[in-house]
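So, here's a batch of structures to check.
Heads up, the next two complexes both have subunit A, just with different partners, subunit B and then subunit C.
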Partner chain A sequence: MAARMQQGGRPGGARFAQFKLVLLGESAVGKSSLVLRFVKDQFDDYRESTIGAAFLTQTIALDDQTTVKFEIWDTAGQERYKSLAPMYYRNANCAVVVYDITQASSLDKAKSWVKELQRQANENIIIALAGNKADLVAEQPDKRAVQTADAEAYARESNLLFFETSAKTAENVKELFTAIAKKLPIEQASQRGMRGPAGRPGGVDLGNRQEAGSAGGGPGGCNC
Partner chain B sequence: MPDDSSADHEATQPFGVAPRTTDGSEQPEVGNKVGDGDGADGDDMEQSRELPPPPLPPRPSLHVPSSRPPASGSFRLSKRTSRPQLLSQPTTALSVADVHTQGRGENATATSSSASRAVSRKHSASHSGRFLGNSDSGGEDSASVISYAPTLDARLDGESLLGDVPAEATTPAWRALSAQIERDNPFETVPPESDVATLQIQHEFDEIGSVDAHGSNEETLLEAWKTKLKHFFILSASGKPIYSRHGDDQLISNYIGIAQTIISFYQGADDPLRGFTAGGARFVMLSKGPLNLVAVSRLGESDAQLRTQLESLYMQILSTLTLPSMEKMFSNRPSTDLRRPLQGTDVLLDGLADGFTRGSPSTLLSALECLRLRKTHRRAINDTLLRVRSPNLLYGLIVAAGRLVSVVRPKKHSLHPGDLHLIFNMLFEAGSVRAGGGENWIPLCLPGFNNTGYLYMYVSFFSTSERDGSGPHERPAATGGKDDELAIVLISAQKEGFYELRKMRDDLVEQLENNGSMDVIKSAIRKGHASCSDIVPGTVLRHFLYKSRGNVQFTMPSFEPYFHGLGHRRKLMSLYQTLHESIHSRTAHLKVQHCVGRDATALAWETPLFELYCVAGPQATRASLAQGANRIVQWIRREEERVFIIGGAVF
Partner chain C sequence: MDEIAPEYDVVVLGTGLTECILSGVLSVKGAKVLHMDRNDHYGGEAASVNLETLFRQYNKTTVYGPGNEPWKKYGRANDWNIDLVPKLLMSNGELTNILVSTDVTRYIEFKQVAGSYVQQSNGAKATVAKVPSDAGEALRSPLMGLFEKRRARNFLTWVASFDEANPSTHNGMFRATHISYDTRTPGMNLSQSTMKQVYDKFGLEATTRDFIGHSMALYTTDDYIDSRGQAKDCVERIRLYVNSMARYGKSPYIYPLYGLGELPQGFARLSAIYGGTYMLNTTIDEVTYDDATGKVTGISATMKERGEEGEGMKFRTKCAKILADPSYFPGKVQVVGQILKAICILNHPIDRTDNADSLQLIIPQSQVGRKHDIYIAMVSSAHNVCPKGYYIAIVSTIAETGANHHLELQPGIERLGRIEEKFMGAPIPIYAPLGSGAEDNVFLSKSYDASSHFETMTDDVRDIYRRAEGKELVVEGLKEGQGLVAEE
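Up next, the complex of A and B:
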């Protein structure tokens, strides 16, 4: 399949890299909706809980020369899946920790995820904090339970990227992922010749080769 | 108790299957002799058993609707007495002479062996003797509710001893009782023009809103809630609500409280309540460790069928939690609120519950359906599965449109149909896996395989309607219905096995594409179910279910053109439920059963190898129905390796 497609063929100077991204956060804050917006540019008003974890990929072009492919683990937020989380973030290059700006408790949960990531995950992991459901607050400002300034301050002191997003209106969704991509060590990753970023176990190589191949068609074709 | 009160049943032998020996055929003689069944000592019954069975009578034109003919053992007693009352029931019917009930409620001693049969006859005869003098205390082992009705005419004793519902009953008490039971009968109480269940089921799955802040809409919501045909509740032993199909906590808390009170009252008396009927609904309880499950149905399922449904919900809970961890939660804290650990699985329970409400052949038969493929094609797929099998694979499944295409499994582990049902429900009923549009990695417990631990399931969906080679995970989300989707399911005990199984998926898809199997599968999916008349040209049959017992699989034709839409299908499934119960109830010993009703005739036929349920239009003759059934069996014999997976890919 994809892996059998041409490996090279990229125009001179083009850079391609792929990274593993994990979404974490309390249940029902909109992790899957953010991913669905990012990957398919769709939104479901009634979305059922994620069962286990979903694995998706999306490629974005940062510029004419640079393409980044995300391998995304969209995890379920329920408590019972918590013990599985390390499996998803262990080799992640980046993480999006999501909370719901209309639910104060979801930010607490987000903070605990951030703490866990900073302790247990890859030490160079890029973490973004996303306050989702901005559309609800745009409609009814009194629904807001987490002030932007508070979350922003927390993000700054914890060295996180920060966005308030709406999967429903697509507000800041692409911006969020693009900002992450820009912070990722693309040069390093692509120089390693399709082997992916450092520290990845052999098991992922298959994915690397395959995705590398499919991106070989050129950055232009990958733009979402 | 669901009942076939107006449907007429018979035991016959149109297929050369050994029927129960004495039924039907000898009845005419016996009946003629009996004018004084009361106090019979059983000798003449023994005699009558020696009579050579006469040939089956031709299909009669007798307009004696809804006879409630007695069950085999003691038909002679009731024959005379039941006849006069028969006229009140508006169904077409077979003659009394060749009609038999399924014998539900029959004396428990009655079995299919002739020796014990003789015993049971004597038994019931002696009952009737006793009954004369003590007409309101009934026979102890024929404990039909009706046997105890105080208005019971002694002349009816033979019948009531059998536990049959006298549909011809004329007293108010009888009518009240039988009206309730008869509601379950799809033929009689569901005339096309006033079919409550059919109408209601259109709204069955409508959401009931939440009670607003002031509770002002509670009344309205409760009304809507009460119109639901079916409810499922799960509560903990301490009475905490865990799941309810309809209505939120606030709305139903009173009812949960009542349920808990009733259940614990009987549990306290060490005599657990198993079921009761109230207001036209059947309530069935199932107690499973720390959980109590309750089904409330107005759809006429039998207790056994409802209990199977509750078992399935329980399995779903175990599948989420595993048995030891659930037990631990409750032993640590008996008042545990299981809603939290189960959070997010309501959709799975709803999916199961709604499947039961719609009526699923798969659940009814506890069997799976396979995609029909040529034997060589299936073998090619099996070989591919074995070739690409990765070392940590436990089970691999290819599932198309809810039907199994192929299985790869270890020799010593077969797949439990209940487990597969949970998986299919997760994939095809609950939307989230399908709508995710990617690949999934799902920890789950398969209780039939091992209820103490988790397995890990890799799922990859792809649409078969698109043929642009866009790759398996570029499936358009939420567009194509579930009918054109193909899922590859790979199950491993390895928590970290995702990438390994993903590679297997890639290899599998590549090889299936290369050897043409993928096209074969896709075209089989597109073809859908064959219609009944494609399978048996010119048949009177409109639909059938054929279950191969050895393979635990079933096959059926398309519901179209006769059973279009939810209402009609539900009605068909109710009929199948009745047929199924008639040959599966604990006291049933029938091998073949023929039902005639206002809008359908039907036939159930059971052998050690298979169960077959056929439905034809109301005008179909018994002979043509039997002929259709025989031709289906012939068709299955020819096609067995196409419609069923025999063995699968075993390693």
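Up next, the complex of A and C:
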């Protein structure tokens, strides 16, 4: 697995690990809204399809010794016409597959994503199923199109974490990500220790481009 | 499935690197982009493919199945990411600049290429040596005799101190350097000189000119030597090489983990993040033009996955411009050359290259009696393109004959030693657009050329942008949150 890890700065066995998390699910089920709630604790009723939200990170402390940082990849709409790039899944440690509890077809779509993940992705990937827009049925119970028990049974069968969430009210959002963090192999990850600036030995950091002033051993940059 | 919008500012066809960079840049700058590809994967001709796909692509008539799945003896097919176009990134080149300016570096990790080599002589006498990258290395290089080393050092020191903005360094060609070499130099203007004049000035021998011109300036032929005004271009190319080399130390090249196919994907993601719509598996049924003006007005297309039942999803949309790779408009392009290429799988590093896990090795044309150089680009499991213990070497050159193409690649193939698998097809045509696109607003890219890096590809990106948008492309400051109108 390609989680990037660093030893924590605190003394006494502090653990810190970073994991890549991908979001999947039909368009408009609330993938971006869940991320926005988790990362910025905001919600936007009139949110258009994902624009500009590339790559967010959020850190959660599991206890005072253990910190997990998520590198969250949103689909950027490339899933809309089944055009996600392999780059998106590559090295994902965990996935949140989202459906809308008021749209039965969105659960079918979620199931096909789960299948795809189990076929293509890393075999140790942690998958969570999130039935979003729980607030809508709290107000109007007849809006519910997917029964909790049905989704829960499917999740258990397929070995997925399961939550009904609301990006709008924040219900179960923190819980969802925390549950994922708890299942991740933090111990293994943080033992692997320090990596170079670009995440692996021999990697190069392209950050600061510079013209070398003269021919001859240039300034820094090499970390091999 | 969602409706396609009735109108886009730009429709982009093909997800090669050129198209993906343009798509990304245009989306960031606020254009409404629809980007399609007939294939089921990103990258077009610049994709990286797995081993099974490679076997199937090169052996179209072979029926594979249980009992005949040769890729299986090389581990998991998906652990292979084999480039179809052999190129490396100059670490100080323009593609690196675009990657950094657009923050696409967040999605892709890069690693150094371990070495840059050049062959001298041929057959049994062939030697392989590291390309000296600066004045100090020139002094230690086995490529030259003692006196020649000094002359080469002087030349490289002069190149390093050459300053385009300061006419004193080129008008009095050697005056402004600290070399008291020839103060009686005639006022030589590099943009009017030939490289021969420059080489003559430094008294460089033919073999030195060869490795400087071919393995540092990376010219694939000797045409540059006598062409007037080419000296400046040559000096700039050497500087790019030297500065790229100086950046990380081992070679002037860097390479993305998981293969070059990550590059188009990274820029496609950039485009999508800024609202670009992506559709793979989509064939273009018709392009419509305005009868009066001749300009493009829209397209109709069909999205249908392989094996999918039925008609697929047919749609039509308007657009003012189309950007596309040559394959989408065969009637608007011409063949300008042919590339020969052999993709070889090895289970050992290449002899006499210090066991480098990755390299470029150039066989200059003069050393093997050709007009065009032969290139070897090799990467390995160090770049996550294959399982441990394997190496992928691509030998390529420009076709010079009408037949027996495999013989043209032979000097390069010989360098590789024992080969596990070799994939070689017919010559690959290089296409270039016939027109600028001004007449119909269909702006076409060029095929990937035979050069070993992406500098001509980024020139093409800039050229297409200029033709399509009527202004120069500025990538600096394109990072997320800048130059972007907030979400609508």
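Criterion: the second predicted complex is superposed on the first by the 174 of 224 C-alpha atoms of A that agree within 3 Å, B and C clash if a C-alpha of one lies under 4 Å from a C-alpha of the other, contacts with A are read in each partner's own complex, and residues count from 1 in each chain.
One rule holds in what follows: a residue touches a chain if its C-beta (ideal position, glycine included) is under 8 Å from a C-beta of that chain, and two chains touch if they have at least 3 such contacts.
Here the structure is a predicted model, which is why all the values come from computation and not from measurement.
Student: Counting only touches as set out at the top, which of subunit B and subunit C does A:140 meet: first, second, both, neither?
Tutor: neither
Student: I'd like to know which partner A:27 touches here: subunit B for first, subunit C for second, both or neither.
Tutor: both
Student: Touching A:76 in the superposition: subunit B (first), subunit C (second), both, neither?
Tutor: both
Student: Let me test your reading of the model: by the given contact rule, A:85 touches which partner, first (subunit B), second (subunit C), both or neither?
Tutor: second
Student: Please indicate which partner A:36 is in contact with in the superposed arrangement: first for subunit B, second for subunit C, both, or neither.
Tutor: A:36: touches subunit B, not subunit C.
Student: Which parts of subunit A are touched by subunit B and by subunit C alike?
Tutor: Common to the two interfaces on subunit A: residues 27, 48-55, 76, 78, 80-81, 87, 203-204, 206-207, 210.
Student: Please output the residues of subunit A touching subunit C within their complex, sorted ascending.
Tutor: Its residues touching subunit C are 27, 48-55, 76-78, 80-83, 85-88, 90, 198-200, 202-204, 206-207, 209-212, 214-219, 221-222, 224.
Student: Using the touch rule from the top, collect the residues of subunit C that touch subunit A in their complex.
Tutor: 1-2, 41-42, 91-92, 96-97, 99-100, 103, 105-112, 133-136, 156-157, 159-161, 242-243, 245-250, 254, 257-258, 262, 265-266, 268-270, 272-275, 277-282, 303, 305, 382, 480-481, 484, 486-488
Student: Enumerate the contact residues on subunit A facing subunit B in the complex.
Tutor: 1-4, 27, 32, 36, 39-40, 42, 44, 47-57, 74, 76, 78-81, 84, 87, 203-204, 206-207, 210
Student: In the complex, go through subunit B and note every residue touching subunit A.
Tutor: By the definition above, subunit B touches subunit A via 320-321, 340-341, 343-345, 347-348, 426, 430-433, 435-444, 457, 471, 473, 477-478, 495-496, 498-500, 502-503, 506, 509-510.
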